[in-house]
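Paired with subunit B in one complex and with subunit C in the other, subunit A is shared by the two complexes that follow.
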Partner chain A sequence: MSKFIVRRLWQSVLVVLGVTIVVFVFTRLLPGGPARAILGPRATPAAIAAFDHANGYDRPLVAQYVVWLGHLATGNLGYSYKLNQSVAALIADRLPKTVLLVGIANLIALVVAVPLGLAQAVRRNRLTDYAVTGVAFVFYSMPLFWLSILLVIVFSIDLGALPPQAPQGDFLDVLTHPSGLVLPVLTLTLVTVALFTRYTRSSAIEALTQDYVRTARAKGASTNLVVVHHVLRNSLLPIITMIGLTIPVVVSGALVVESVFNFPGMGLLFWSAAQTQDYPILLGTTVVVGVATALGSLLADLLYAVVDPRIRSAR
Partner chain B sequence: MTQNVSAAPAGLLRIEDLHTQIRSGDTTVHVVNGVDLHVDRGEVLGIVGESGSGKTLTALSVMRLLPHGGRITGGRIMLDGRDLVPLSESGLRRVRGGEIGMVFQDPMSSLNPTMAIGDQVAEAVRLHRRVSRRQAAARAVEVLDQVGMPAAARRVHDYPHQLSGGMRQRVMIAIALACEPKLLIADEPTTALDVTIQKQILGVIDRLRRELDMGVVLVTHDLGVVAGYADRVAVMYGGRIVETAATDELYGRERHPYTAALFDALPERAVNTGEPLRTIPGQPPDLSSPITGCAFAPRCVRATDRCRAEFPAVTVEAGGHAYHCFVPLEHVGAAPRAAVAEPAAGRPSDEAPVVVELVDLHKEFPVNRGVLQRRVGSVSAVAGVSLSIRAGQTFGLVGESGCGKTTIGRILAGLERPTSGRVLYHGDDLAGLRGARRKRLLRGIQFMFQDSYAAMDPRMRAGSILAEPMRVQRSEDRTARRARVEELLGQVGMARGAVRRYPHEFSGGQRQRLGLARALALRPELVVADEPVSALDVSIQAQILNLMRDLQRQTAISYVVISHDLSVVRYISDVIGVMYLGKLVEVGPAEIVYGRPAHPYTRALIDTVPVADPPRERARRNQVLGGEIASATNPPSGCRFRTRCPYAADVCASSEPPLRPLGPGLQSVACHFPLEVSPDGST
Partner chain C sequence: MTLTEAEMPPRPGLPAAPAQEGRAAASPIRAALKVFVQNRLAVLGLVLVVLIVLFCFVGPLVYHTDQVHTNLDQVTLPPGAGHPVGTDSVGYDELGRLMAGGQTSLEVGLAAALIATLFGSVYGAIAGYVGGVVDGLMMRVTDILLSIPTLFFLLLMATIFRPSKPVLIIVIAVVSWLIPARLIRGETLTLKIREYVQAARGMGAGGPYNLFQHVLPNAIGTIAVNVTFQIADAILAVAAMSYLGLGVPPPAADWGGMLSDGVNYSYSGYWWLIYPPGLAIVLTVVAFNFIGDAVRDSFESRLRTVRG
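== the complex of A and B ==
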């Protein structure tokens, strides 16, 4: 098992390296390159050459990459000339807020959706199942911005119970004003629950038709016991896959919700950087999301092994 | 039925006029239509029938574990005088596992893959007994020990995938018996297992029946399995019991034409007679509408108008032999039928030219581990097999699962390349050839699969399925292909209209015919048939075996028939090769190998194959081959069979016995101590 973990860690490192190469090459290949983006369209060729030389952009690509990689390793993600801040500092400010927002939403969604999906599977094709399925489809097919605005209208404008905008300050500010988080979290949770119940329901239905469920019934086990002891664990694999895929989302943020509630998270950071061609930020955030993706699939693989003994012994 | 229950307390389980239906969508399938049966304590009742006869659904009705949409619509299920039908779900839960234990067919899928086996047994204990977690765990070890799990105290932490099929089925039995129920229902408990393991498992069930004084309901399609272990046998057809009698009585003097037809279709009944197997014409009944009259009447040669109009009331003879038939068979003074004929000389075909010859064939599958998938070992699937297949002959390859017989078949058909050794096809070594020449040569060797349904593209029509081999090989033009497809359909006894139908629209037997037709499409010289009939009911199996034989007579084609079923191999083969753990241990003319086996393993296989002959089966009850097939990653030194062989000596571990002929006209055997073959054929 420990050997397996070490092996998977190495694989994750390779994946992250691959991500950095791809990201690096792509941004260097953009027309004009970083000098044009920073100095503006009216910069003279001499100014661009001087800038390139000063920043090492005239050196061979491999050398540039190695230097950049060395910076990454020491936590130096680059410097945003547009915002006059280091990328690391920007991300350090935004990342905790986004993790808080999306993480809480996904955790709540998981806690609600798994039991709900199991209950649906047990009562499949009956009223409860149809009702939950119906509601889930409504939320899932609703555009996020529309749902957000709807919630704002109801809870902020009509009822005046909750602020329509997220706290603007730092992480501490967000933590000390939790009421500002309620609506964005609620929006994300509703949509995610809808998605998660679908997964849970279908994998639990499959588990319920397995022969070992019949064996458990033949022992005299009640439906609840069958579900808790036999169905839950066996239907966890697709849910784990889902959790693994959620990790990069937690890091990269929820752009739509962040825009509607003006929540200064990773999604907004990336979006504005993309609009202003702020390459250092784009590079930095992409690398961070790449690392999160690799970690997410690592986490999923490890959880598979915890849940399923067959995977454990196949390693 | 209006029987006073309190006045008839006899019988541990007594089912009266049971009706069960399964509703799905708009159709209602009448799966059980008035079953009456009873089982006493300490008694084994065998329920036999083909698929769709309602035998399994009768068993599931007792436990009320019916599939989705299933419902008991009438009748009573009395357990110790108490009717289970009106019981609530929670009342029934006390019966399930507590008073009735149940064992299912497939022990792999029937065990929870994510739960240690000890926990699965302990769960059953804790559901019915007020014991602590620790006491339940101790009880689990005790029961696993009882069912013959070696080192049970250590194995409780194992997961199902770490066990062999036989050990998994022992776990299933332990679960069923953890609370010492009064009644055990075993639904095809050994169908998924090898014959040697089947015998071990049946032995375990029978021993525990005596120890616990349980009643046992043994549901099976195999007339041989019930012969040795059942006290009484009930035969089901169309959701009813059509005949029931004491085992010896039923196997000698069956009265119902369906029972007789089942017996007649057994391959062992036709060996050496040279006659084709008797088949049952027609299709099993459609149960989606209620049946008037006898369900078997449309397929029965004796049927009269009365049979079609009303269901025959029960006739009970002295001794309790009961049947539902207006035109029963008579057995006036007739002797019980002889089950197995004496061995005779094999068909002389040694002069026929050799089509394919395997020379010192080896196949190893690598076992890889680590980041770089380093090779850490290998599974020796085939280890030095040489054999030759002659024109117009059938070579039967038998052995337990994992012996390498399927690998040889796949190598023959070019689906796999050998690690070393030669596959000589008319002098060309297929193992060394590549490219177009190999592709063209392989036309001559075709493969017929066990599960034809899985081996056919569900979105292709039968016509395209049959034409595909010709398309792939670019043989024949479009019109010639179409003509060939029609010819093939005719050869396998199917109507031309079949070309437009999809695989799911055919019955199991028809699909197997299609599979054979596809194998014949390129006019091969050799067809490799891997378990061609093991998924089929006896009556359908007989049709396919007859068809294969007829085609061989017409076209002088050769077959390699791979099967775990010795009766099938014996019926269809001219030469039998017996494999054990990658080695050919005995090969020779079918009747010699079957009649006078020289290798202890062959002997053991023959002794463990159940035959439909109760006295003989009872006499052989203790002839069990112990142990399980050894690991192919690390095979035993010397003779690979020595770990299970009753005659093994020191020399067996130190030197490997070569395959050597015993004499002219006799078999070759790889054994240091071949069984004495006396002139009268006894060993």
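== the complex of A and C ==
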């Protein structure tokens, strides 16, 4: 067990370091470099040279990377000249909101998708199964921004029931105006449910073919007992992995949803930074999101090992 | 959940009855084809794809419209005589635009998926076949890139390269090859210990020969399934890119760009700008997903008949 954890932790350290390298290389590839982006297209070569020197951009790339990494380790994510704020402060303001959005959507999606997927597996190739599969495919195949707008058309424009824009204030403001959260959460939930039912269905179908199911049924266990006790418990294992694997997908989805509903989270921060070529923010958000994703999948793997003794002994 | 006894699947766990033993085993591809054709959703998906391709590529030969010059006298006309699906916000005929936009979406989706799957498969096969430290390193690279959510990755790249059709293809391929690489690596790990691969190795076959002669051809099922799903995902990625302002520049069009232009008018009631391009994307993506599901089923049952 401990050997597995050490090995997995070591891998995560490598992955997190790798993410920082990729992001660092990316921002150095941006056209014109940071000086051009901050000083504007009309800056003189002398001004650019002075800026580069003052910020250490004229030093070797490796040296710049090490300095940047040192700053990261102390929580210094850089400074956005365009927003005149430190990136760490911006992220501290935005991150909790995205975690809230993604968290609620994931939670509701799980509660809805697991029973649905189980029902599909039990009634495989029957009307229920086909209907859920069809609906799931349609939601999965919709461009997320289109789905958002359709929900806005129905609930905000036609019915006038819900606001088409998320609350703009701080975290407390978002919490105290839940009506503005409904549509963004709903959009993200619908797509996540579509994704989760597919996984749950196939993992439950596999569990249904196992010997212990046959044994339980041979011993006279009722269908409900078999499904809840044996199939659900055993198909929950792959679901843990599924949540870990889908974190990047859901975070990508959050980016689109945030930009449609003007939800002031990490995704919107990143998107506006991409449009204004605000490097420090691009760097900072990508590192935070990448590290969070890597840690998420680490957590999922560790949880899996805790729950499933076969994983521990296999490695 | 209340389920009666009769609603449980019949005897789970028993292997499926070997269908058409002798003949099917003689021609596994034909058996796979047969299962594919028997799957109604797959046929529906295939018919849809053919119709959509005909609409986008043959349609403009029959239905001529000007998709280069804007016509500001004729903006946002509702569907009617001369413009069966109306006109958009700069006066392009919406039906003709759907054809032109579909060409971009399909071409980019198809090309990106093919490049990504090809590269990913070879990468994964090499990692799995060589094993050891090389495998560990190669897989850490995919772990790292998978940790950065796709859209963040796409946006980063799009800020470096100005969007155009080839750039979109490359950019989407760069974020899409990771999943096939992982899948094919897993497949290679089981294939490389098979007797025929071991035998070839024993007779002195080199790594590259074994990879391309034995491992990759036997992973063709996984590869084929992956290509279809990748096409679906790539078409969605093109749409998302366009919405985020990184699609092909005008006068070129793509469904995502048309859609994101249309949704600006959701308060104006210009439904012909919002529903047709959205439906086009959904139909295409659903169709490819149906095909992918069926290809997976048919290759799995091929394995069943061959082994059973």
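Points worth noting:
Keep this in mind: the second predicted complex is superposed on the first by the 296 of 315 C-alpha atoms of A that agree within 3 Å, B and C clash if a C-alpha of one lies under 4 Å from a C-alpha of the other, contacts with A are read in each partner's own complex, and residues count from 1 in each chain.
Following the convention adopted for this analysis, a residue touches a chain if its C-beta (ideal position, glycine included) is under 8 Å from a C-beta of that chain, and two chains touch if they have at least 3 such contacts.
These numbers come from a predicted model, not from an experiment.
In the superposed model, A:L14 lies in contact with subunit C only, and not with subunit B.
Set side by side, subunit B and subunit C differ in how many residues of subunit A they touch, and the one touching more is C. In the superposition on chain A, A:D211 makes contact with both subunit B and subunit C.
Common to the subunit B-facing and subunit C-facing surfaces of subunit A are residues 210-211, 214, 217.
Listed in rising order, the residues of subunit A touching subunit B in the complex are 7, 10, 210-212, 214-222, 225, 229-230, 233-234, 307-310, 313.
Taken together, the subunit B residues at the contact with subunit A in this complex read 63, 65, 90, 93-98, 101-102, 104, 106, 109-116, 120, 123-124, 127-128, 159, 161-162, 172, 175-176, 370-371.
Residue ranges on subunit C touching subunit A, taken from their complex, read 1-5, 7-9, 12-13, 140-141, 143-152, 155-160, 232, 236, 239-240, 243-245, 256, 259-260, 263, 266-267, 274, 278, 281-282, 285-286, 289-290. Within the complex formed with subunit C, the residues of subunit A that make contact are 11, 14-16, 18-19, 22-23, 26, 29-31, 115, 118-119, 122-124, 137-138, 140-146, 149-150, 152-153, 157, 208-211, 213-214, 217, 223-224, 226-228, 248-249, 251-252, 255-256, 259, 267, 270-271, 274-275, 277, 282, 285-286, 289-291, 293-294, 297.
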